[in-house]
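When the chains are written out, they are named A, B, C and D in that same order, and each has its own residue count from 1.
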Amino acid sequence: MTELFQQVVEGVGSGAVYASLALALVLIHRFTGIVNFAQGELAMISTYVAWQLVASGMSFWLALPVTLAVSFAGGMLVERIVIRPVQNAPELTTVIVTVGLFIFVNAMAGLIWSFTVKDFPQPFPDGGIDLAGVRVDWSTLGIIAVVAVVMGLLYLLFQHTSSGLVMRAVACNPASARLSGIRVGRVLMLGWGLAATVGAVSGVLVAPLLFLEPNMMGGVLIYAFAAATLGGFDSPVGAVVGGLCVGVAETLAGAYVDVVGADLKVGVPLVIILAVLLVRPQGLFGRAAVERA
Amino acid sequence: MRKKTTLRAVAAASAALLLTTACNSQRGQDDKDAAADGACQGQQTTGITDKTIKLGGIYPLSGPASAYGTISKGVSAYFKHVNDKGGIDGRTVEFIVRDDGYQPPKAVEEARRLVEQEKVFAVFQTLGTPSTAAVWDYLDKRKVPQPFVATGASVWGTDDNHPWTTGWQPNYISEARVYAKYLKEEKPKAKVAVLYQNDDFGKDLLGGFEAAVAGSGIKVVAEESYEVTDPSVSAQMTSLARSKADVLLNITTPKFGSQALAADAKNAKWNPLHIVNNVSSSATVLKPVGFKNVQGVVSATYFKDPADPQWADDAEMKTYREALRKHVPGSDPANQFNAYGWAAASSLHKALDAMKCPTREGLRDAVRNLKDVKVDMLLPGVTLSTGPDDAFPIETMQLMRFKGERWQLFGKPVDTRKEFGPPAK
Amino acid sequence: MSTIVATLGTDRARRLRAALTTLLVAAVAVSAPFYFAPFQVFQLTMVLLYAVALAGLNLLVGFGGQISLGHGAFFAAGAYTAAVMLDRYDTGHLATLPVAAAGCFLLGLGFGVPALRLRGLYLALVTLAFAVFLPPLLKRLEPVTGGSMGLTVDKLQPPAWSGMAEDQWTYFVVLAVTAVSLLLARNLLRSRVGRALLAVRDNESAAEVMGVRLSLHKTLAFAWSALFAGVAGCVYTWVIGFVSPDSFSFVLSITLLAGLVVGGLASLYGPLLGAAFVMYVPSVAQDISEAAPGVVFGLLIIAVMFVAPTGLAGLAGRVRGTAARRLIRTTTPAADDDRPSGSEPSAPPTPADPAAVDAEPVGAPPRPEKE
Amino acid sequence: MTEPTTDSTEAGQVNAEPDFLKVAGLHAGYGQARVLQGLDFSVARGEVCAILGPNGAGKTTTLRALCGMVRGRGSVTLNGTELLGRSPEQTARLGVAHVPEGRGTFNDLTVEENLRIGAHVRTGRWRRGSAERVAVAADLERIYDYFPKLRQRSRQAAGSLSGGEQQMLAIGRALMLRPALLLLDEPSLGLAPLVTRELFEIVRAVNEEERTTVVVVEQNAQLALDVAHRAHVLEAGRLLLSGPSREIREDGQVAEVYLGVSVRSAKDGGAP
């Protein structure tokens, strides 16, 4: 029984990792209606920025806000330079542009920092606590706490500030937002900046566990996609719940279902997603799209 | 108006086509592969003259396996270094690197480009089992040497149908045998948990290990695999910890190697003897985990790790660092893959030196006829040996244990050929 | 009366032009392997092969409006069908084609049913998950698939009577398969199925009201699309002679979709352009920068999408449109529609209307290309 | 429905500021399609102006050109300020509130949030003090007074409203801008006659109480003429005729041919 709980804790831990990136994906999707394939790579670059700052002697707690600020600016820049030129093109075109961005950023990171594994400072204390024989690392608790805080902050931003209201208006109906005098371009830049910042938090959280190298976020991205799909692509809460579900389900299935095993555990989220979407096509927390003829 | 334009375009295009076909087509030149006279009469001299030798290599410079692409830099640095000193037997080496992104169809395309367009003398190194397997039939048919492929799959040596292809590094089965031998001596009743990468590399090493310990008191009690696309192996490590095994065999590539070492260090309740395979044994993998966390880890090796301070004053290592700095600025000399490339290239140098005829056939025979050839980047005691039916040049490895801030070699170099005989075909 | 004559005239001219173009294309295609070096012929072969897969994907994405990020999986299924048949049963190459095609058709049919419930993005990501899942599954089925080492099988060999080199023979076989496939795709689109698909893409509810059997046609679109991918995969095995699970990672699926979008959705020759892009541009990228070909490749994808947001095929149309507009500017009266044509399904915009081309929503590209 | 006191108001307005909105030589279109081919008209301050015409005449395009959604050539000045060449964001900041065809509500936002977005220009930028915020709160109440149904549903998502309520919300949102110029595009589209009538009553009330200048595009010419002081009839991108609503309505031929209003019914519903 203890072992089962241990595996659940393990699953929650990796689920929180997926959720952190899924949050960023959901943000971009709400604003632009696309999936951003480059989200993980942007997070990876942010993490390298943090690593570079720490390596050059800055303390971690100083490097972190600097990194977040750089990421915010970087995200805005990406929107302005890479996404804006195709904003009137079909959505798939924008998606493929993010694929191009993925390839570009990944190769760029390899060129600058090489593919050698880097160690990243762990912001949380080593060790953990023992709960009735189940060991929970501080780092796992830390990630969950940070993801919860990020989610809470996003909620506050969107529901209780006028900037958040404007952002939601743009996400909902950019044409009308424009007619109401909202500078939609700036708001979209803000949205990308925000998503890049959330992504940076994700990268900094996972880097001590996964070890930093240019392909660090590639695997996370796939699971983050799964998390966002499961939770519904419009809902930050859905992204987090989806991430935890995916993490726990694949860990348990991999460990306890022999037919699945560690090699096929990636199929477990697939089955869950399919089952959920067949019942609720908009995901667990997504809004149903109303089709008007 | 538009009609006329189109018609005119059609006419022009047809004319252009006729013209180009009438001119010498690009075909046909292909068959004019050069042949030697004299003692080596009839043998192919494509890509080699008295002054030059043209080699090609296919590496993943892009895509998921691009971490290994840097091997090509070690190779390039070596050949440039040799060229500065007058070349190989007076021949300047031209080394062409192509990128296959770790995709077999791309590897086939690039192999054809190298052979048919660049007309290389040999395809020196293809990286990875899938890419190598995709091109070796073609190269064999074209009778192009494919020496020292950068993969340790056992199939390169056990196959009889591809005389033009040889391996280089100790094959994964041999490596597994070294660990099995060590365990039989140290922990004859060991219960072993295995973490392995779910591909040819992991399967080969795991299979070799299981075969080598069969019939002994050593039991594999748990196996967990991971995909290279997985973000982490922490769940697998938790599962393995449940087995309470007293040995952990860590068959991973660098990032996952670091993750597994870190997970093992973090788990205070489970302290198995940690054997990490050679691919992940570089100091660059261990350092991020923290040297204090990897004390006592065991591995085996065959070439000098440039990140290991014990080789800091080694003459070859100094040459290597200098050449890399000079010829491939911006690359990291401490990266073991650069040193791997360097070692493989200097091995090829020896083989080229040993050619009786300066022909493709000459190289094929020379590569298959190495006898205890010393290569300075390899560990002392590790040499190259091949035979007509032995395409594994390196089959000797030495065990090492991590202590303080460096690996310490222990025991004698283990010649797996002598100890266990050739791998099963 | 005079207008009728004029129409007849232009119609004849158009037919003549089409015939001439076809003839020219055929002449170029047939003479190419005698002109180019074997390695270049091989590259052309690969372009043709990818074009088949992209044409299939085009049926689904371009004309059906359903996004699939899992077509690499169907490609892999076709490739493995051929490889396993050749390896275990020694059936000969030709026999593998119908089996791979039929198998993938059924597989696609099976996928099409749940796909009905999934819209846009969700379908895309579920298919992506499937593509991620396939390689480990192939490794698990080791007794059949050869596991992670893959299967090496015989490539196509030229029969003695042909007097051709291996690459030339392979090229002609693949050319034949491609030509048949592309014709089939074209005819499919002109059939009832195709018209129904277009109607569904443009306005699902309206099409349903009009009596289009929605679920049937969407499922069939998936099946046909899978069939093309499977055929391409089967031919891949003939050409490369080696399959392994890691050859068919999800990256292949993403590459296919990227190729299609770059080439041009809902265009008949877009798949060919896309296949050429996927085939040649990585090499070009490497020639530009050996240190990091990925940097150049990524930039090139972005650059093409900037220049040609509706794909390379659309770019040709836009250039032609601009030229045509210059010519007819003074003579043609303005169109009379009060609203831009993106907001509701209206009559297909005229070919030379860049505004309409630019304003297309996802999965609803401008129009089938005129030939 | 009572006849507006067209003549008196009109006379008063014209004298005040006859060229509050002045459109001169306006050309506009989409890509190749040129819809407007040189349009000239003026709207006086405080006036309700109807733009009428058959389908495809360029009515919607005119509104879109005024607010910057469509690019145009020529000149459009509002109180002397050139509007052409500005984006919708910018014209909104100059006081042009456009209620687009199809309403353009923010369906995921609540009714009250929709209205607050309408006042974004006033409060959103650099927070213009609490006085403005108080004014916005007051405006909100005022809108609720005009549209009591919106007050009942202030916490509901806009997407859950009926068509008529959404149209009210759209107009309410536009009014939150405190516009100098209100552009209404086909407000009656898809609404029941009774609802439409109610809507137009409110438009008239707003115009009278707030002195807001209104330009309304309508298919339902009769309804529009009832509210408007003046009307402009377009055909194929050109101005066919202009004049006080009463004159337009009484020009039987025009009404029949271009407005789809039969002469008799127009007269029946017209002046007593």
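Operating definition for what follows: a contact is a pair of C-beta atoms (placed from the backbone, for glycine too) under 8 Å apart; a residue touches a chain by one contact, two chains touch by 3 or more.
Worth saying up front: this structure is predicted, and the values here are computed from it rather than measured.
Using the contact threshold fixed earlier, the set of chains in contact with both chain B and chain C is A.
Seen from the C-alpha centroid of chain D, the farthest chain centroid is that of B.
Counted by C-beta pairs in contact, the busier of A-B and A-C is A-C. Centre to centre, using the average C-alpha position, chain A and chain B are separated by 36 Å.
Separation between the centroids of chain B and chain D, computed from CA atoms only, is 74 Å.
For this pair, chain A with chain C, the centres built from the Cα atoms lie 32 Å apart.
With centres taken as mean Cα positions, chain D sits 44 Å from chain A. Residue positions of chain B touching 2 or more other chains: 62, 64, 66, 198, 227, 229.
Contacts with at least two other chains are made by residues 132, 136, 139, 250, 291-294, 297 of chain C.
Within chain D, no positions touching two or more other chains are listed. Here chain C touches chain A in the complex through residues 61, 67, 114, 117-119, 121-122, 124-126, 128-130, 132-133, 136-137, 139-140, 203-206, 209, 250, 254, 257-258, 261-262, 265, 291-295, 297-302, 305-306, 309-310, 358-365, going by the rule given at the top. Listed in rising order, the residues of chain C touching chain B in the complex are 10, 13, 17, 20-21, 24, 27-28, 31, 34-40, 42-43, 46, 132, 135-136, 139, 147-150, 152, 155, 236, 240-242, 244, 246-247, 249-251, 282-283, 285-286, 290-294, 297, 324, 327. Chain contact summary for the complex, chain A toward chain C: residues 29, 35, 37, 82, 85-86, 88-93, 95-97, 99-108, 110-111, 222, 225-226, 228-229, 233, 263-264, 266-267, 269-270, 273-274, 277-278, 281-283, 289, 291, 293. Those residues of chain A that touch chain B in the shared complex are 3, 6-7, 10-11, 13-14, 17, 103, 107, 110, 114-120, 126, 135, 137, 206, 209-211, 213-220, 222-223, 250-251, 254-255, 261-263, 265-266. The part of chain D that touches chain A in the complex is made up of residues 67, 69, 87-89, 92-93, 97-98, 100, 104-109, 113, 116-118, 120-121, 123-124, 159, 173, 177.
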